[in-house]
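Chain lettering (A, B and C) follows the sequence in which the chains are written, and residue indices restart at 1 in each chain.
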Amino acid sequence: MGEPFDTSDEPELHARNLRVLEALLFASAEPVDLKDVQPFLSEAADVGALALELQAAYAGRGVNLVQRGDKWAFRTAEDLNFLLRREETDSRPLSRAALETLAMIAYHQPVTRAEIEELRGVSISRGTLDVLMEAGWIRMRGRRRTPGRPVTYGTTEGFLDHFGLETLADLPGLEELKGAGLLSSRLPTSFQIPLPHDGELREDEDPLDPDDQGELEGSLLDEARGED
Amino acid sequence: MGEPFDTSDEPELHARNLRVLEALLFASAEPVDLKDVQPFLSEAADVGALALELQAAYAGRGVNLVQRGDKWAFRTAEDLNFLLRREETDSRPLSRAALETLAMIAYHQPVTRAEIEELRGVSISRGTLDVLMEAGWIRMRGRRRTPGRPVTYGTTEGFLDHFGLETLADLPGLEELKGAGLLSSRLPTSFQIPLPHDGELREDEDPLDPDDQGELEGSLLDEARGED
Amino acid sequence: MFPMTDTQHNWLEAEPSAAIEPDAVLRVDVGGYEGPLDLLLDLARKQKVDLAQISVLALAEQYLAFIETVRKQRIEIAADYLVMAAWLAYLKSRLMVPQQADDDEPTGEEMAALLQFRLARLEAMREAAARLMNRPRFGRDVFARGMPEPVSITRHSLWEADLYQLLRAYAAQRERAIPAEYAPVQRTVWALQEARDILERLIGQNFEWVALDTYLAHYLGEPQERATVLASTFSASLELVRLGQVELRQSEAFAPLLLRRRKADVD
């Protein structure tokens, strides 16, 4: 193999080295350290120079050869990244449990999960909150300054937007609900509808840490955050 | 996008189409159907011609663009196999019966189990077909319109990909076998020599029902279907 | 087609046939063969000639001899092998006895050609399998992109819910949560016994027909009690009729109910 100064061989060897480097970079399951490629090349081959040459050959193409730290890898050209991200939408009705939970959060925010459960008289499955997070309608506001520091939930701007409300104050109050026939007229005098609050943290709320994972799955949380 | 007759744009559009095709093919480990690329190209783009152009551009390089049935994929160059060869991860070699059965199905498809047995002069155990199904190399095509409606078998795109064949016409020795009359299932009585066929169902084949379990275990069948 | 490198490996030669020498044949375990065709093909190879030129007669004799030896050793032979043996014995006889003019059966030559065809086809498939397996194979010689960049599909769920549904859900829940307070409205109900006592007292010893309403005029003044007064006294009157104390009469539907003391009772 490779007599480095045998010029007659060189163009062929050089081309072969390039091909080998290209194939190894392509097939590797992780970014490649050029040191690991050296044994596959002719003896005096300058693997760094080969990599730069290959990089130049791929510049402007659909795939680029990029350096990541000491290692090299093929990546889709950045301006074509959109090809790898598809968006799909499907619509389905919100479950009753999700609808009721959302309604509770809307009126009683900031509210903790335990409080919603007490108000509803049934426990909330994690999936229910996940769905509402995913829909971008609720968010974690902070943590209540009570034992256990439970997460407080509130609605998002996406919620107002979806339900056609300018502000939370547009949510109908007691008299309006009665007027619309949604609440019966025979209610105990103690029956009240709270004034929902989606503004700044209240006195009994602490802010969430940036890495606070709340009570939710990390992945869903990330999506939910992405919506904000 | 693409005004197909705006010539001033054309070279640019063409280059962009090539880049998009290159990116999408490069990003996928599996062969890609060009139909799936079309939506990302300019309106009047001829994706087949683009693929051939890209194939030519990669000919002689360390990575080649190859056709596998109706799909296309980037693969390391065949002649670099001496450098890249990896020991088979699945060290369990195929049994002789499985190998022969695979060859029978590849060269004689569409073929029924009884025909394979006639060719080999011995019955096939269920496990033999299961192994080939599991490897994703064979599939049930349909049912022959003969008494008993036996299942017909054929090869998959995974088979072409695994053995580096563009189409069934690339099966090694196909021409010689055809010339020697060895592709007929009986003593050659006519001059019509059947050729292996993995396309649409033939006249004497009925489609499988969606829930046709064939002659195989349900679980394996599901896997095999996944390959299609 | 593809380079015959030194890595070429004959996938199909590994097993039993390679081990068999011509005179070792008789010692071979029949179980090592994949059926009678496989055995025949192996025997044919021992003739070391092109399959098209083998002596089918000699082949048939070798096969029959092999089976005979195996049977003498009391080794169980699968039925396939015996069927083939019978067919070959027949083939042998057809080859040796001249064909009769009126014989519709295939000639010995035709049968021999069929056997040769089947053997050639089996061998061809074996070679084809070996050539397939020696091709540069995906995952062993040829590789896909090691770091594919999967298409990430972001699914947006457009949840369907409107403000009305939301409000209705809220109101329904809040109402459900209201502690149910039972404050039953106090209502005057005429107990049957009470109605009967009153009725008996009113009728007294009156043997004339008098409308029930007339007796009850005093009690029917209160509208909310009207229903219970009527219902209870009517029931009570039926009871008194049953006991034979009172007679009851109505001329037509919805006409006034008339009552009087039954005369027979006055003794």
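We take it that a contact is a pair of C-beta atoms (placed from the backbone, for glycine too) under 8 Å apart; a residue touches a chain by one contact, two chains touch by 3 or more.
Small disclaimer: the values here were computed from a predicted structure and weren't measured.
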Partner chains shared by chain B and chain C (touch criterion as defined above): A
Most distant chain from chain C by Cα centroid: A
Centre-to-centre distance between chain C and chain B (centres being mean Cα positions), rounded to whole Å: 32
Averaged-CA centre spacing for the pair chain C and chain A, given as whole angstrom: 40
Separation of mean Cα positions, chain B and chain A [Å, integer]: 38
Two or more partner chains touched - positions in chain C: 143-145, 149-151
Contacts with 2+ other chains: residues of chain A: 23, 26-27, 74, 76, 83-84
Of chain A, residues touching chain C in the complex: 23, 26-31, 73-76, 83-94, 96, 98-100, 102-104, 106-107, 119-121, 131, 134-135, 137, 162-165, 171-172, 177, 180, 182-184, 187-188, 191, 193
Chain B residues touching chain A - in the complex, by the definition given at the top: 18-24, 26-27, 40, 60-63, 74, 76-77, 80, 83-84
Of chain C, residues touching chain B in the complex: 1-3, 5, 7, 11-12, 15, 34-38, 80, 84, 113-114, 117-118, 120-122, 124-133, 135-145, 148-151
Residues of chain C that touch chain A when the two form their complex: 143-147, 149-163, 165-179, 181
